[in-house]
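For reference, the structure is listed below as structure tokens.
Order of writing sets the chain letters: A, B and C. Residues in each chain are counted from 1.
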Amino acid sequence: MSAPLLQIARLTKSFGTNQVLKSVDLDVAAGEVVTVIGPSGGGKTTLLRCVNFLEEYDGGSIKIDGREVGFVDNAGGKRRGEVDLAAMRAETGMVFQSFNLFPHLTAEQNVMLGLRQVRKKPLKEAQDIARHWLDRVGLSDKTKSLPSELSGGQQQRVGIARAVAMDPKILLLDEITSALDPELVNEVLDVVRQLASDGMTMLIVTHEIAFARDASHRIIFMADGSVSAHGSPDELMEQVATNERLRNFLARFSASAH
Amino acid sequence: MGYQLSFNQIWRNFDKLIDGVILSLELAVVAILIGALIGLVLAVIYVSSRWVVRALISTYVEFIRNVPLLLLVYLVFYGLPTVLPIAYDAVTSFIATLALYAGAYLVEVFRSGLDAVPKGLLDAGKAMGLTPWQRLVHVRLPTMTRITLPALSNTFISLFKDTSIASVIAVPELAWGAQWINNRTFRIVEVYAVTTLIYLVVGYAILFGLRALERHFRVER
Amino acid sequence: MQQLIDAIVYAIPYLMGGFGTTLLVSLIVVVLSLIAGVLMGVGLIYGPWPLRWAVRLLTDCIRGIPILVLIFAVYYGLPPLGLNLSSFWAAVLALTLFKTAQVVEYVRGAVSSIPRGQMEAAKSIGLIFSQRLRYVIFPQAIRRFLPPWLNGVTDAVKGSALVSLLGVIDLMQAINQVIGRTYEPMPLYLLGALIYFAINYTLSSMSKVLEKRYAFIKE
């Protein structure tokens, strides 16, 4: 059995005096969909942002395919250089809560930017790949639209296409539906479900508990900077009886579902 | 370089600068008070009028904003007395000019301030049964004041700097004082160094003072 | 009435000469301040901290004093320091300093108003720093910069009227000179006001058009 694609070990991160991540361990195997749930401030988003080094972690290690993300292997704490870091980031894809589409570029150009400048693909090939992915997320008729002309759900789907078109090893989804109107959430989740069934490796932070239960191989429950419970969706439900924090957290969601 | 710095003559004539900066401040204060009155009245009229009145007010605003203050000062001081049966001294003339100048800018400030009052507050006022006039006085104006305080402070600081234009019609404010000392002592570098410092110090003092005032008002919310 | 028309007709050639000088001064100031301001603005945002500190200090000082004082300070203050400029160039220098400080502020405002998420998204697809600037930041910054900058050009035009105080024969000084000869202040002041108004109103209208055109960048 091969090593997990993503290996997070003893990860710590503080913002000033506030320790947000307290020795987190997490592995994600290739093709696995792992969802992280938990209360706000629990460290979920920080964890995700450490994986592509948008946040610089203080201690522990994050390895993708055996290579340390932010620091040079075997050089004892030496931070990776600009170019190196960019190359590492090209191997991960991130989709953001606030979409972060480039407003001056069309949907197509948004997806193509990374393909042209990072993957160095020729124009025609980049265009084909971009159109292919925009088609896969259901936006083949919006390729020439600017983000300002798209709804929230459409923008987020472009964001997904932009990340996936780079052919990343792992996709990082940071509460991608939290900023959407309720009726637009499903169109985005459907795309994610599709990608999951196609075998995309994903680390997802979300508040959509039902989605987490249906679409993940494993769920991680994080609170106060550490992993409080983890397992397959069924295993996690069994832990509700013994894990008070988990119980309280989930109770909030079933209460509001009524 | 061949130029020996000597500040003695500056200190000896320092009263010219002190009297000057006091006058500058006075001019700015009067101008912003009158200007705020003009601006407020016109802004209220503007938001509740048809396009004819709005066009008239806009003409006034755009005219003042696009013409150099220097020209306006000359126009009011030298020009008006030749066509209108009025006579005034330089200070009065400058105050009138600066007030009209301030008024034009403040109409914009107050107008957008009034627009920025959340509709929800007005609805609450209507629901309580307040008349339009009551809504204006008790809801719109107080809310607008808090919103426009930063723009008002910036305008005041600008006006303080604009009082330097009064020197061209021999109003003895700060810039005039600096020129006076310069003409008599030829200590140019020293005079302008000190004058610059005074403008900066007073300017920042006003800025911090008004910021403190803003914070005080914000807490009340 | 005939006297009035005669005065204006007499004035036109002089005013046109002055108008030309006003346009020339404004143009030089705008171009020089744009170059200097953008360079300093970029230094302010991305430079090492001593540079940032220096630019901050310089622009705050310049913007804290009236243009009139700045013009006189430059005009009277340079000769003792060994630099002898004509009134025209002293005025241009002073106005350029003033506008440069403004441009630096526009640049700073334009770049800092770009949401942080843009840089993050650019990083996440693997772009390096120079690519992030070129493909993501700059295109957005320039669209945020142009409308207020174009509007600010009116300050250069209005400020140019102060060069008349140094004896430079711009539109303002031409007006003063003609009034000195014809003794008809009001029609000439109004005519001058109209000319300044025409230039500046056009500029600020163009700025508003640009603002609307680029509104999509702020969604």
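The rule we apply is simple: a residue touches a chain if its C-beta (ideal position, glycine included) is under 8 Å from a C-beta of that chain, and two chains touch if they have at least 3 such contacts.
Everything quoted here is computed from the prediction, not taken from an experiment.
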{"item": "Chain whose average C-alpha position is farthest from subunit A's own", "value": "B"}
{"item": "Centre-most chain, if every chain is reduced to its averaged C-alpha atoms", "value": "C"}
{"item": "Pair joined by more contacting C-beta pairs (B-C or A-C)", "value": "B-C"}
{"item": "Gap in Å, rounded to a whole number, between the CA centres of subunit B and subunit A", "value": "53"}
{"item": "Centre-of-Cα separation between subunit C and subunit B, whole angstrom", "value": "21"}
{"item": "Rounded Å distance, subunit A centre to subunit C centre (Cα mean)", "value": "47"}
{"item": "Two or more partner chains touched - positions in subunit C", "value": "none"}
{"item": "Residues of subunit A that touch subunit C when the two form their complex", "value": "52, 54, 82-83, 86-87, 89-94, 96, 98-105, 113-114, 117-118, 146-148, 162-163, 166"}
{"item": "Subunit B-touching residues of subunit C, taken from the complex the two chains share", "value": "61, 64-69, 72-73, 76-77, 80-82, 154, 157-162, 164-165, 172, 175-176, 179, 185-186, 189-190, 192-193, 196-197, 199-201, 204"}
{"item": "Subunit A-touching residues of subunit C, taken from the complex the two chains share", "value": "115, 117-118, 120-129, 131, 135-136, 139-140, 143, 216-219"}
{"item": "Subunit C contact footprint on subunit B (complex, rising order)", "value": "1-3, 62-63, 65-72, 74-75, 78-80, 82-83, 161-165, 167-168, 175, 178-179, 182, 188-189, 192, 195-196, 199-200, 203-204"}
